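Each of the next two complexes has chain A plus one other chain: chain B in the first, chain C in the second.
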Partner chain A sequence: MSSTRHQDTKELPSYEEALQEHERPPPYTPPLTGSIMASITRLSRDDPDPIYEDLNNVVDSTDFADVDHYNYDVLSNAVRDVSLDTDGSSKGIVTMVNLDQYAKPGKHTYTAIGLEGSANKLGVGIIRHNLGPLSQENRAQVLSNVRDTYITPPGEGFLPRDTARHHRNWVVRLIKRSMEEAGVSREELDCICFTKGPGMGAPLQSVVIAARALSQLWDLPLIGVNHCIGHIEMGREITGADNPVVLYVSGGNTQVIAYSNQRYRIFGETLDIAIGNCLDRFARTLKIPNYPSPGYNIEQLAKKGSNYIELPYTVKGMDLSMSGILAYIDQLANDLFKGNTSNKVIFNQETKEAQITVEDLCFSLQETLFAMLVEITERAMAHVNTNQVLIVGGVGCNERLQKMMEDMVLDRKGSIYATDERFCIDNGIMIAHAGLLEFRMGKRFELKDTVCTQKFRTDEVLVSWRD
Partner chain B sequence: MTAKRQKMSFSCILDIGVPFETEKQATIAKRTLEQDPILKPDDLVVRYEVNTSSLDMHFEAISDRVLRVAVSSVLESLKTVIEVIDEFE
Partner chain C sequence: MSDHLVELAKSHLTNIPVSLISQGAESLIFTTTTHPYMETSDEGQQYIVKFRPPKKYRHPQLDAQLTKRRTLAEARLLQRLYGADGISVPSIIAVDARNGILWLEYIGQQIENGVSSLKNYLWLEDSKADYESLLRAVGDMIARLHQMGIVHGDLTTSNVMLQKHGSQWAPCLIDFGLGFTSDLVEDKAVDLYVLERAILSTHPVHSDNYNSWLMEGYKKGYGKDQGKFKQVMKRYEDVRMRGRKRSMLG
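Presenting the complex of A and B:
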């Protein structure tokens, strides 16, 4: 089956190459005139906070004793835990988790099917694990990974009811196609995994119905998976990142996550709307197509923009707020479309001509939002004392975000891990993968426990498969 | 039965029977559908029962509107279940 295996590790240049590349101006980045550079440099130079002074070094976590943060107790515990973990593993005293205590005798592999439908994408994937712990030598095999996206007309978002109808229409066909592509029979499957949450209620429910029926029909156990955990585990598996700070950015979530003590702990997150939601809604204001995705189309427009317009920059401690930025830039776009020449930002007050374009707006929005993400990710790296960053979630395929993050990570002599759209954007395979890990640790769900939930935080899940 | 309905003041009642090929199929449908909780138990009661190879569904609601929404949502889900059985049994 190795021919169907997708290895998707992002090709990264060596550190020296990357550094040279880094010193050259990036290819499509126009000269930054506005405050975006200012806001980044301000962080590294002028701020007396010790966290910023050592930005270019990998900092000892104990240096953060006087970081002023509302959540400092939790963070400092987490930092301590992580450093304990690192010490332990370097001395080899941490025992490996046994993933095979529930293995069926005589079987050398596990196979799982995953059903994902928490938003407008319906995904079905089949994954196979060999016995033994997962490593670079013993990788999971992607047997199939199919997806169907519910695309709405320009200017419209997807509504729960219509999305649920789309999922119901396609779920059985997609399962069939996935099984055919994988060449797997039902007898080979060990479990059926589905997204339990978080997500939109109606689409989640429409998919779990199929999962329940299938589980009874084939007499297979059901495993409910947290969508965020699916993203994180699949990202780690594909890229081989060992213990990264995870930036999870998608249409419904924006979180900076680090692992500590069997939980993926949330270090920072959005206080209002998700970054993908912010981009999607701006795409609706611009009435640009939702195919292949609104964020992709904004990215293409942003490549042609060059004037940076100053937008609100709203990092709140380790958290972000994005609704105000959206309201502000929506207003600018509306003034531009209506020809409201009294707007001094957009129109030259003497000639009454527009001095910025839609492309400039997209460019400015991306630069501002991504700079905020880079800032809190950088701080999380200092807190947990790691120099790996893994970007997952739909917005994670944005190349400008990857580039900005790469610049920051290279400054810290670290490494960045990202995947392409097959594994970034919601997919069934990640649900299968995370579900199979839970299955191998002996977790089982009764039918009554398979009710989906719209709210399901990343740190609620006990990560039993890591030590 | 009648007395209970009056006490609960559910004025809108509907019974639907869906015939399946086997009792196992009807049981799968019942066990798939009955898991999801009713969001407003004061407005709506749904009961599922398997009689030989038929799935009998009993809806009681406080208004036509609630009844219609509940029935159409259950039937939509039932369509998925039937499609799964049809395709994968």
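Presenting the complex of A and C:
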């Protein structure tokens, strides 16, 4: 299992300590500036670099007040039309996938920049492929991969408008930073890839604007990428998993996926809320910090819990449901906080003392939810006859989930593949990578088609680069 | 398939020779020629031993509870359904709920690509002639199940076995571990939705046909009781809509 975890976050306070901290003025940066990941240094916005100044102007001048109804035609009309080679788009599928049909003569590599901002993370990454099919011997190179997360105070979720503002505020700096880290010039880039969806409208759009502006300024084609496909392809590339069942678990998605006939097919998924959403909302009930992420903080608390409390267990075939579990555990937490001693699960009926801690609640929630995830993954594996599993998406960083999945897979004599937080958590490099695969297959977007969409199912994408 | 699990199964089945034939979604499936309590009369008569092993990944409390609950649910439902009009399920021979073991009638046979499950048969893609009648028959059977107030809980093409009746294949429903009794339209609608999605992902090329044949059979299975059918359909549309509208933020 290739999971080297990034452990730069300091030992977390206990629940009591975390709460006390919360009662003082919460240590958070106001929404306008957002906060920064340790690895990203702040860049000056007054930087006189003319390339980025233009970009800054475009991004700044966009009015996001009514962003969900933003009319792209205004921008399209204002900018030059990009002339793109569109030959390839109508060609049929060939039996052997040829990724170099559209290679520029004399060039031995492709380089792409990817922009991701479908939720509260803004990521920019630059990837390089050599000619020829990707393999263990011919691997993609990550030239840079930077990210900034919009963190909200404890008890609060991130709103589309504020998140969009965060992205708009940071996107130019991140692009610049990623270009510098990669050490590539814009002449070396083949295309600009952006997240087309799924995700939150306003944040997605703020990133599309930046991608469009950049494409006009640098005269490069645009490729729109399905966020989930980005996760899957990057996961496969990093781990070398060849044809796994994919468990995709993040703030907005919970899907069990397997490849067949040029599509990533969804075998199982949540019937209501996503796993990350469930954890985030419970973190809000507990009012624990959202830094570095609510799920990470629940994981740390769960490590200190040991009493297992029975929660509803709701697997439906290869699908699952989580809203009932959340409602139930929220109720337990509220009874604990209010001291509702009539709750027999929480309070000892003789002594009237709490016999369950917040840590126990986190522990039980994880044990139940993750057991359901592992179970539906195993169901899909049996159904499609495979013994490889790849975990992608932000919740995939969770060590307990990885361990449980490993235990299941070992009993099937299979193998598990997972990545660390650089690739699990939303990032720009996965968008660059998946977009570059599309680019190499000849996919091109007209400027008018470079829009984003909040709903964009994984199985809508034709996976032309696999056979 | 992990050897220690096979050993564990054998330790619960002393003096009974079993051979592993498959590892399902949550269980190990063995065949044996030994009947648990009767002298075997038929030479070569085969029985199925279904073993739900402990899952190491689950909390032991949750694991014990799920194994017991599912083994018992499956036994009870098979017992109720056996012989029911228009429904075919394997007969249940013995139960050991604590160890997660069921003895079942052996259903089906080998076909070109493995056991005669509906999944394998549809994957063959060559004998299309009877696909329509078969899928209608499956739909019909699910309707009858639902009318008895029973929800399968895990409807996939792996969980429908095919049996030869003369020269024709006939469906037989298996794997009732996630089943339960309910008269709520919501539960029945979700049951159908899970099946629709399984068809979509497992048999993508012809899923539209397959699903409409299933639904036609399902409608027919309600016979004169079309009012009930309409109620389930109405909720089914709601469930599908929820699926489409579900937010996918992040």
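In this text, the second predicted complex is superposed on the first by the 371 of 467 C-alpha atoms of A that agree within 3 Å, B and C clash if a C-alpha of one lies under 4 Å from a C-alpha of the other, contacts with A are read in each partner's own complex, and residues count from 1 in each chain.
Just so we're on the same page, contacts are C-beta pairs under 8 Å (C-beta built on N, C-alpha and C of every residue); 3 or more make two chains touch, one makes a residue touch a chain.
Note that this is a predicted model, so its numbers are computed, not measured.
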Superposition on chain A - do chain B and chain C clash or fit: fit
Chain B versus chain C as contact partner of A:K448, first or second or both or neither: first
First, second, both or neither for A:L217, with chain B first and chain C second: first
Of chain C and chain B, partner touching more chain A residues: C
First (chain B), second (chain C), both or neither touched by A:K176: first
Which superposed partner A:K316 touches (first chain B, second chain C, both, neither): second
Touching partner for A:Y308 - first (chain B), second (chain C), both, neither: second
Contacts of A:I229 with chain B and chain C, given as first, second, both or neither: neither
Which superposed partner A:I209 touches (first chain B, second chain C, both, neither): first
Contacts of A:L436 with chain B and chain C, given as first, second, both or neither: neither
Superposed arrangement (fit on chain A Cα atoms) - minimum chain B/chain C Cα distance in Å: 18
Intersection of the chain A residues that touch chain B with those that touch chain C: none
Complex interface listing, chain A residues touching chain B: 165, 168, 171-172, 175-176, 186, 205-206, 209-210, 212-214, 216-218, 447-448, 450-451
Footprint of chain A on chain B - complex, ascending: 27-29, 31-33, 35-37, 76-77, 79-81, 83-85, 87-89
List of chain C residues in touch with chain A within their complex: 1-2, 5, 23-26, 53, 55-59, 61-62, 65-66, 119, 153-156, 158, 178, 190, 193-195, 197-198, 200-202, 204-205, 239, 242-244, 246-250
Chain A to chain C touching residues, read off their complex: 118-120, 198-200, 250-253, 258, 260-261, 263, 265-267, 269-272, 274, 276-277, 308, 310, 313, 315-319, 367-368, 371, 374-375, 378-379, 382-384, 394, 403-405, 407-408, 410-413, 426, 454-456, 459
